[in-house]
Amino acid sequence: MIVVMKPNATPEEIKEVIRRAEAMGVQTHPIYGQQRTVVALVGDLTRVSREVFNAMDGVRETVRIQEPYKLSSRTARPENTVVELAGGRVRIGGPEIVVMAGPCSVEDRQQTIEVAHAVKEAGAKILRGGAFKPRTSPYSFQGLGLKGLEYLADAREATGLPVITEVMTVDAVPMVAEYADILQIGARNMQNYGLLQAVGKVQRPVMLKRGMSGTIEELLMCAEYIISNGNTQVMVCERGIRTYETATRNTFDLNAVPVIKQNSHLPVVADPSHGTGYREYVPAMSRAAIAAGADALILEVHPDPDNAASDGRQTLSVEAFGELMTSLNRIAEAVDRYIGDRVLQLA
Amino acid sequence: MIVVMKPNATPEEIKEVIRRAEAMGVQTHPIYGQQRTVVALVGDLTRVSREVFNAMDGVRETVRIQEPYKLSSRTARPENTVVELAGGRVRIGGPEIVVMAGPCSVEDRQQTIEVAHAVKEAGAKILRGGAFKPRTSPYSFQGLGLKGLEYLADAREATGLPVITEVMTVDAVPMVAEYADILQIGARNMQNYGLLQAVGKVQRPVMLKRGMSGTIEELLMCAEYIISNGNTQVMVCERGIRTYETATRNTFDLNAVPVIKQNSHLPVVADPSHGTGYREYVPAMSRAAIAAGADALILEVHPDPDNAASDGRQTLSVEAFGELMTSLNRIAEAVDRYIGDRVLQLA
Amino acid sequence: MIVVMKPNATPEEIKEVIRRAEAMGVQTHPIYGQQRTVVALVGDLTRVSREVFNAMDGVRETVRIQEPYKLSSRTARPENTVVELAGGRVRIGGPEIVVMAGPCSVEDRQQTIEVAHAVKEAGAKILRGGAFKPRTSPYSFQGLGLKGLEYLADAREATGLPVITEVMTVDAVPMVAEYADILQIGARNMQNYGLLQAVGKVQRPVMLKRGMSGTIEELLMCAEYIISNGNTQVMVCERGIRTYETATRNTFDLNAVPVIKQNSHLPVVADPSHGTGYREYVPAMSRAAIAAGADALILEVHPDPDNAASDGRQTLSVEAFGELMTSLNRIAEAVDRYIGDRVLQLA
Amino acid sequence: MIVVMKPNATPEEIKEVIRRAEAMGVQTHPIYGQQRTVVALVGDLTRVSREVFNAMDGVRETVRIQEPYKLSSRTARPENTVVELAGGRVRIGGPEIVVMAGPCSVEDRQQTIEVAHAVKEAGAKILRGGAFKPRTSPYSFQGLGLKGLEYLADAREATGLPVITEVMTVDAVPMVAEYADILQIGARNMQNYGLLQAVGKVQRPVMLKRGMSGTIEELLMCAEYIISNGNTQVMVCERGIRTYETATRNTFDLNAVPVIKQNSHLPVVADPSHGTGYREYVPAMSRAAIAAGADALILEVHPDPDNAASDGRQTLSVEAFGELMTSLNRIAEAVDRYIGDRVLQLA
């Protein structure tokens, strides 16, 4: 860490910075410039707070040199984390690109099983579906709750597809963990630290979505909350950030894919459905996500998008999803990866 | 609501929009333009979802004409809500401007009582202090918890100042409600709907902070979650939004003050400490907040900011706070309002 | 256009809106709702200003139904524009994906010719290089000017590669147009309307870069400035927008590619070098750009990036560029397109 | 400047950084940490480019310690710059708060003179009005040009008010400088460096507006372009930045006022008309601007806002402006400043 003093900092203020740092057990290297003095701190800084120095008299700012996350970082673990599901039949973070697909909201038992069969047929390896729905308006449909979880479990039994679904509250964690194969933390809850700690204590893989205004660094810090509580089966998901642009619902930030792959060992999932918000942009951005290096995609698919209970605007029909999967296979091959069983069929 | 059809929408697609809308009990007015057809929907639209129409074939987009919140809106309630505390001695939303002040984190019993006396002396009417702290890093100080609540209660007893403190999880709501006079929902939890529902069911005033990327409309929708659960004692708080600018920690968006005052009856609190992130900008922006029409300020004050356990960079010393209060009084008078007892002393 | 009245608008105010609209020759359809009245305007609205209605008493807002650009829009011209260079040997906007490559700044004659040979060898079809450089600091290197243009022309003669370079001022347009095959309008000048009009009057293809905070709609409106002045050979370029995220220099918004391809007939160029700002992210995002549907890439390449006069951090070495081109070919094929001569060699 | 090496940087790479820096005449202080090495550079760094080091092998990033502007900075000139007009009768940057007011666009001679008389009567000291208008659409009204300048000059003659108007192109600088007392550089042209250099070479005060996505640092760097060309009579203007919030047209960033006052000696003008985009928010934010420390306001005023040629939505009527001035006087007094002659009348 570098502590940058103000131009008019007094020798006493500089000394106090040095004294405080050394009291924390780190070495100090003051450097006296023409206009400014800086003090470099060297040693184990994990528990040294920048805030302490930021607040001191004579200090202009502090500059961090190392990334603040440890367990999420590739420095700590150079090899990729691979999240395993269904007894190892599905692996996220390896050479296979895994596609998760299904409706935004679970609506009824029949529909859920039908769409599960349909997306499996097209090559999806995981079924997605919301039982608990975070909604901007208290007057909107909030999901089927436990009933929705049961339908998802029925669809899993019928198709063999593992299931991912969102958990929104600490008290629902045990229930959702009983039914789901992957716990999803939604964008609005990225920094709901109580929830992160709770899913960190269960032995279920977690997919953590980037918040609407979350930085990549914050996303990895939130993953750190989960991992430091004992659960290492964590994936992170890019789902679009909030910017001034309104042509898309969010600004799907694919740059996050190579940035995270470089700085972290965690698998990266891309969500072009929420990322763009319009079904007509989903195919192009799904292809782009794989080309950028994503390990998995999560896509909204519904047998009748025009009648979906939520988010129909960004939902693909089963037919459109099938066509998309064919084109995704070609991109996957172009980056020396493959998608599910279809690549075998095509070979 | 206006449903805008695509240029190439077919007559059948237009008919289907009309059919669906009328099935929901609203009237329709199709307007056939040179290049586009739009269908205006008229009637009670509270439970009509835009999503349904957005997802239909032939629809380009929908445009909302009315604001989506009801209970928070000034249309529903033209007169200002006034939140009353301490048996009516403190009223937020009336002519008095209320200042809440205290440390970012509660650190020990002695410090809490001392700072409470000091801020009361300078004219503050409410004591702020964090017992549960949301922190970006799992390795940072997370607050004293229950001990912190007890110290706040002790300080209230010693000074008579009502207390505001943050509640972060659903299960902590009863405990915090037992000790605190106002429950604060932090920016990271603005859209933690489970928590909003929980505080909507207790009879304690709530101060809801705007999320880092929350729109003003979303903030009022989140207030709607609380009010629709039965708790009408709600204040909203502007605390800075996330933009590209890095000269301040957040972009303190004072425009929210007149926008909310026009569209809602809820009291508006301004938080220049978090809003700017630097103590040197807090006085100017506190004055500006009052001039813009804020009903209350919440300020971080600490007897020794350089040794504060968190957020010292944006924390005022007791002396600086005292000086600031004097200048705030002058601004309050210039907008025909007043701050606490001091205005009486000065008169 | 829809004119939305305030809840308390008077019948006179509504009448005045209707009167004003009809005086402009458009038809009006007032719709009286429970809480609000809206007035739909139908007819040729190209020259009807929303501002006029926005400013009227009793009006809350206006909502545009059609896109504001005409000549840039796919509605006006359904087939793709193809920009032709070098007597038709290079075509941007057709099935071939064209790669433009070269140094950020032109530095000397020898280096320019060498890098031109090197990028041509690797499959680039156009040489890029800056002679006039927009720099944040008045004390930074501002480019070689005319000398730089001459070196670019020499490199073209030596290699046969057409040349793209930036023009920053109206008075430099004739000079740059004499030397360059494509005139680049930089991001800072996207809304420099005098400059847009000037390049609209020369017969040279123009590549218009999206401004740092330009919306896609504004970008197409700026293209409209050029086209409406007579120059139809226009390409638009996504180069990253300004958001709160700092892990990348800009947020390279690849979503712009499918959005523009849907709404406009103009070719789309992607600039992952400026878009990401870090050379290690350029390969992944170049692949993603092609997968998303870009018609061309513009990449910074330098024989010795560590000694480049500007932007070395985002510049590829010649070797890295060669490797990248091989992988780009594979992506291009996966979307049924191809890159230059190499695809022939590989076939 | 601090050069931060990558964790795996080799001793040779570190040596090369040191060698390069010393070749530029600056001293180096390498600091070897547990995981990282950093090299601090000390000396005159004005012409040392960070880019050179950013691009070197083994370098992760560079961190700037000093602000990049010199002539604009308060370090270079501790006392406030005061811009003088009308032979010293109007001074911007001193204790008086100066209000500039008038129509967005100059429309005709009569209207211009009338509004000039009206705003003067209410206490304005400078007349604003656009003769050249930057418009998003090429089909919108672009201003009266030279005729507009003549009308402004006529209004100055009639009232004695100095005139501010925008100049958009380099070739128009001499003409506008002949008619106007202050040259305005608009937000879209903040980084039009050719234009900045041109106005830097005339002896007319300049008001430079912050770009829609300009940082405060970039704004001061652009002021540096003007000052370093010889013109020290520069003011900067906050007029709203582009964020995700749509309740206001822009996000008027009043925080810029105390930030600029601390870091620079230049006078700060606030533009709540463009900043908020809605006339109903202009009074509150005008008061807030003065409370925050602005030296001047620029406000859109029109005798009949509903019939203004542009930007009527954000334009005050003459009556509303008169009322606002009275309330602004009270705020000015509350911060120990005053507005024009009226304060004398009131005294």
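Letters A, B, C and D mark the chains in the order given here, with residues in each chain numbered from 1 onward.
The definition used in the following text is that a residue touches a chain if its C-beta (ideal position, glycine included) is under 8 Å from a C-beta of that chain, and two chains touch if they have at least 3 such contacts.
None of the values given here were measured: they were computed from a predicted structure.
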| message | Looking only at C-beta pairs that count as contacts, which pair of chains has more of them, C-D or B-C? | response | C-D
| query | Farthest chain from subunit A, comparing Cα centres? | reply | D
| remark: subunit B and subunit C have mean C-alpha positions lying a whole-number Å distance apart equal to 40
| note | When centres are defined as mean Cα positions, the distance from subunit B to subunit D in whole Å is 31
| Distance from the CA centroid of subunit C to that of subunit D, rounded to the nearest Å? | 27
| task | Return the residues of subunit C touching two or more other chains; collapse runs of consecutive numbers into ranges. | result | 213, 242-244, 246
| field | In the complex with subunit C, residue positions of subunit D that touch it | value | 46-47, 49, 51-52, 54-57, 68, 134-141, 168-171, 188-189, 191-194, 211-213, 218, 221, 224-225, 228-229, 242, 305-308, 310-313, 315
| message | Which stretch or stretches of subunit C touch subunit B in the complex? | response | 2, 4, 7, 29, 31-36, 38, 40, 42-44, 63, 65-66, 75, 242-244, 246
| task | Mind listing the subunit B positions that touch subunit D in their complex? | result | 213, 215-217, 241, 243-248, 251-259, 261-262, 275-276, 280-281, 284-285, 287-293, 327, 330-331, 333-335
